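Below: the structure, in C-alpha cells.
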Amino acid sequence: MTNLTRRSFNRYLLASAAGAAAFGGLTVPAFADSRLRFMWWGNPTRDERTNAVVDLFEGNNSGIVVDTEALASNDYWPKIATQAAGGNMPDVMQMDYRFLFEYARRGQIVPLDDYVGNQIDLSNFDPGFVDSGRVDGQLFGIPFGANSPSVIYNMAKFAEYGVTLPDHSWTWDEFWDFARQIKAVAPEGQWAVADKAAWEPAFDIFLRQQGKQLYTEQGELGYTAADAAEYFEMWRQAREEGLVPPADITAQDSDGLDTRPISRRRVAIDFAHSNHLGGLQGQNPDELGITLFPHREGGVPGQYMKCATLLCITANSDAKDDAAKLVNYLLTDPEANKILRMERGVPGDNAIAATLLEDPDDIERKTIEYFAIVQDNVSPMPPPPPAGAGEVEVMMVRLYGELIFDRLTPEEAGERLVNDAQAILDRA
Amino acid sequence: MATITSTSSRWDAFARQWRRGRSGYMFLIPWLIGFFALTLGPALASLYLAFTKYDILTPPVFTGLDNFRYMFLQDYRFRQALQVTFTYVLWSVPLKLGLALLIAIALDKGTRGVDLYRAIFYLPSLIGGSVAIAVLWRQLFDRDGLTDQLLQLLGWPPGTSILNNPDHALKTLIVLSVWQFGAPMVIFLAGLRQIPQDLHEAARMDGAKTMQRFFRITLPMLAPVIFFNLIMQTIDAFKAFTQAFVVSAGTGGPIDSTLFYTLYLYQEGFAFFRMGYASALAWFLLIIIAAFTALTFLSAKYWVHYDDTR
Amino acid sequence: MTTLAEHAGIDPYREARARSKALKQRRHAVRAVIKHIVLILSSIGMLYPLMWLVASSFKPDTAIFSDFSLIPQAFSFENYVNGWTALRTSFTTFFTNSFIIAALAVVGNLMACSLTAFAFARLDFPLKKLWFTLMLATLMIPYHVTLIPQYILFLNIGWVNTILPLVVPKFLATDAFFVFLMVQFFRGIPRELDEAARMDGCGPWRIYWRIMLPLSVPVMATAAIFSFMWTYDDFLGPLIYLNDINQYTVPLALRTFVDSSGVSAWGQLFAMSTLSLLPVFFFFLFFQRLIIRGVATSAMKR
C-alpha cells in the first residue's frame, strides 16, 4: 500500500469513529433551495461591507442563502486547509495570489472558464488583468482588485524636514540621495527609509529592472548569487550610512501594518502594496502619499500590476452555479460595489472603477492617480511562481535577518539565498 | 487430569483477577470510549502520516523513512528548533515551578489579604496567549519600552531592544512563561491544603523550626504534587506554542531565535503544506517527551511517596 | 554578694526577657511588613502589563501606541460601547456561547476525569499500567498534527458546525491532564479511610462517592478552575469546528478585530479583552475559596 485515496483514508478514520457515532449525528438542516458558504479574511471594515453586499444578494436571489465567515488571515489559512482535507471547504472563498497555484494545481478549486460569459460577466475587465487568475492556461480565480507594489511616504514628515519629493521617475541613486537629505535633518531615533530588502516584491522589481526575475517561465530561479549580492550590498550601504533603521526595527516589521516602521513613525518612506495605503493611513495621524518604486538607470520598467485577492469556487461545492452568481454579483454589480468600494484594491471591472471615480475619498483618489502612473511604467505580469515559492519568500526574510544582525556578508547572503531557494524548489 | 486442574485453576485465577478488575473497568468506561473513539484514531492517523508525503490538499503518499532521513540529516531548522526548545524547557520549568512553590507557600495562610494576593498573582495566567500579549511584550521589551528606559537610567545608550535581538529574544519568552506561573501555583496551594494540620502541630510541639518543618513535612507531603507539576510543566514547555506564535507573529524570529519546536512543526504543516513531515516531527517530539517523563517516573521512586503505599 | 536587684526582689532576667519578647514581636512585625512590601511590589510587577491593557481600552486608537501612561488623558467608554456591537453579532451572543461551552466542559471534566482517576488511583485491574501509560502519551502529541484527522472524524459523524466536538470529549475524559492531577491527589488520601469503609460493606461506587469526592474538594475546585479557563480561552477548537458567527466564542470573536492586512481596531480589542477576563477572574475568585474551604472539611474528617 503506497497510496491511500482520500476516501479510504476517511473510511479508515470512520471505523475508529463508529463508537462515537452512536452518540451524535446532529447536523444543521438546510431548508433553503441552495445554501452557500462564503469565507474571506479581512478586517472589521471589510467584514461589514461584504456582509452588507451578501444581504443585498440574498434579497435579489430568493432561494439562495449565503452563510458568511470572516477570519483574520492568520486563522483563515489553517482553517481552509483543514476543511480542504475533509472536503468541506466553503463554496466561494477569497484567495491570496501566493496560494492560488497550490490550491488550483491540487484540484481544490475549479476552472471558471465555463462560467465566464454565462453566470460571470467579465466584459468590462482588461483581459490582461483577468489573466492573473490563470493557472496553466485555465482561469481559477477572478481578481477582486488590482494592486501594485509601491512606495508609501509621510507627507507631514517631508514638510517638517523641508524636503520635496522628486519626480516619480526617480532612479535608485536619486532615491538614496533623497534619503540622505532626510537623514541630515531627521531627529535621533528616526530614519529616512524602511529596510524592506527582504520584501520579495522589492527584490523582484529590482531584478526585473535589469531584465531578470525571481522565477522563469519554467519555474527555475531567474537570478544569480551575484545579482542577490548586489541587491543586498545596496541595502547594506544604506544601513551603514544610517539611511535605514537598525536591525531590531527591521526585525520587528514582521507582518502587521501596525509594526511597519512608517506606522511606528520611525521612517518617512516605506514600501507596501498599494491596497494597504488605506490600512497604513489608519495607523498614522500624518497624511500619507504613494508613488512609484525608483527605477534603474538605463534599465527597463520593473513594476507590475497584480491582483490583490481573487475569488474562487471550490471543487467540493455542490451549488457551483449559484456560487458563480455570487462571484459575479460581488465583482460586477454596481450597487454591491458602491458598498465594497476599493477596500480590496481597484476593481477590475472598468465600468465600476469609473463610477467610483465620480466621488472618490482621499485614499481612493490617491490610489487611482497612482494607478494612472503605474499604467505607463508597467511591465508584464511575472510568470506563475513554482511550488515552494511561498517558502522561499519566508526563507529570504530569515536570511536577511542574519545579514542585518551581521552574521552574513552580502556575498554570503547572495550565495545562501540561491542555494537555499534551490533546495526548497527541489524538495517541493 | 493434573493438567486440567492446573488450567482450570489458572483460569480461576484469571477469572478472579478479572472479577476484581471488573469494577476498575466500569469506572474506566467513559475514558475507554473516548480513547478508542476520539483519541486513538487521529493519533494513529498522524503516526501513519509521519511516513508519508501529505500536502493536506491531496491524499497522502507513503514515502517510508524519507521524512526522518531529511529531519536528521539535512534539516538545519529542525536542529535550531530543538536547541531553542531545550533551552526554553531547561530554564522556564525550574524557574516557574520554583516561583510557583515559593508564592504558594507564602500565600498558603496567615498573612492578611492572601485572597487578594492569590488572585493578583493568578491574573497574568488569565491572559494566556491572547493577542494583547504581543503588544504588551513590545511595550516592555522593545526599543523605547520599559526595559529600554530602565537601562537608560543605568547609563545604557538609548535604543535597546531585547525583544528584537536574536541573542535575547528567547529570554523574553522565558520571562513570559515564568510570569504566568498561576496554574502550578494553584495546584501547589491545593496540595498544601491537603497536608494535615496535626502533622505541623506535632512537629511544632517537638520544637521543629519553620525551615525544618518545611523540609521534613511540607516537601515530602507535597512530593506527589511537585511530581505532577514537574511532569506537566515539562510536557507543556516542550509543546509551547501559543505565546511564541503570538509574540513573534508566527515567524519564530528574529532569525529563528524563538523557533519553538511546535511552531516549526506548525509552519511546516500549515504554511508549507508538509503535514506528513510535520507529523514526523510531532512523533519525534513525543519520543523526547516520553523519555523525559519516563526518567521523572523512574526517579519518583526515590523522592515521591504516597499515603496509599505504606 | 547580692545585687541590688535581687535584694529588691526583682527578677534580674525579667527585663531582659521582656526586652527579648518585645524584640521578637518587633522582629515579627518587621518581617510581616517586609513580606507585605515584597508582595505588594511583586504584585505591581505582575499587574503592570494588565493595568496597561485596561488603561489602553479607554484610549482612542491613535493614543494607544503614543501615550504610554497608565492613566488615560481622555477617559472614554467608546471602545466598550462600539466594541460590543462591532461585529455582525454582538458580544452578548459570544459570551453566552463561551459560558455554555465552558460550563459543560467543567461538568464533563469533573465527572469523567474523577471516575477515571479513581480507577487508576484506587482499583486494581489487568493492564492498568498500560492504560495509564497510553493516557499520559496522549498528552505528548502536539495537537496540530491530530487536528486534521480529528476534523475528518468529526466531519464524518456530522458534528462540524456544532459545539459537540468541543464538549463531548470532555465527558469522555480525553483530557489526561485532569485525570493525572486527580490521581495524584486521590493517592494522597490515606487508604485506611476506604479500607474502613470497605469493612463496613461499601462497594467502590460508594467509596468513590462518599469518601473520595468529599475529601477531594481542593483538587476538584482546581480542576474546575482550569477546565473553565482553558475551555473559555481555547480558540483553535472553536476556530476549526464552528463556522457560524452566531456560534462563535469570545476568543474567536476577539481575533477578528485585528488583521495584519487591514485596519485594526486595537482600542476595541483591548476593551473586549478586558471584559473577557472578568468572568474567568470571578470564577477563579469563587473557586479558590473552595480550595481553601475544602481543607477544613478534610481536616475535620481526619
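To keep things simple, chains are lettered A, B and C as they appear, and every chain counts its residues starting from 1.
As a convention for this text, a residue touches a chain if its C-beta (ideal position, glycine included) is under 8 Å from a C-beta of that chain, and two chains touch if they have at least 3 such contacts.
Fair warning: this is a prediction, and the values are worked out from it, not measured in the lab.
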If each chain is a dot and touching chains are joined, what shape do you get: line, ring, star, complete or other?
complete
Core chain by centroid distance, with centroids computed from Cα atoms only:
B
Between A-C and B-C, the pair with more C-beta contacts
B-C
Could you put a whole-Å number on the gap between the CA centroids of chain A and chain B?
38
From the mean C-alpha coordinate of chain B to that of chain C, what's the distance rounded to whole Å?
16
So, in whole Å, the Cα centroid of chain A is separated from that of chain C by 41
Two-or-more-chain contact residues of chain C, please, as numbers and ranges.
148-149, 153, 168, 255, 258, 260, 266
Where in chain B do residues touch two or more of the other chains?
33, 37-38, 41-42, 45, 56, 249, 270
Residues of chain A that touch two or more other chains: which are they?
9, 13, 16-17, 20, 74, 78, 81-82, 85, 255-256
Which residues, counting only chain B, touch chain A once they are in their complex?
33, 36-38, 40-42, 44-45, 55-62, 70, 138, 142-144, 158-159, 161, 163-166, 248-251, 253-256, 267, 270-273
Contact set on chain A toward chain B in their complex
1-6, 9, 12-13, 15-20, 74, 77-78, 81-82, 84-85, 102-103, 106-108, 188-189, 246-249, 251-252, 254-256, 259, 388, 390-391, 394, 397-398, 401-402, 405, 407, 427
Residue ranges of chain C in contact with chain A within the complex
62, 65, 86-88, 147-149, 151-153, 155-162, 164, 168, 239-240, 243-245, 255-266
Sort out for me which residues of chain B touch chain C in the complex.
17-18, 20-28, 30-35, 37-39, 41-43, 45-46, 49, 56, 106, 111, 115, 117-132, 135-136, 139-140, 146, 179, 183, 186-187, 189-191, 193-194, 196-198, 221, 224-225, 227-228, 231-232, 235, 238-239, 241, 249, 261-262, 265-266, 269-270, 275, 278-279, 282-283, 285-286, 289-290, 293, 306-308, 310
Show which residues of chain A lie in contact with chain C when the two form their complex.
9-10, 13-14, 16-17, 20-21, 23-28, 37, 41-48, 51, 67-75, 78-79, 81-83, 85-88, 255-258, 264, 276, 278-279, 282-283, 285, 343
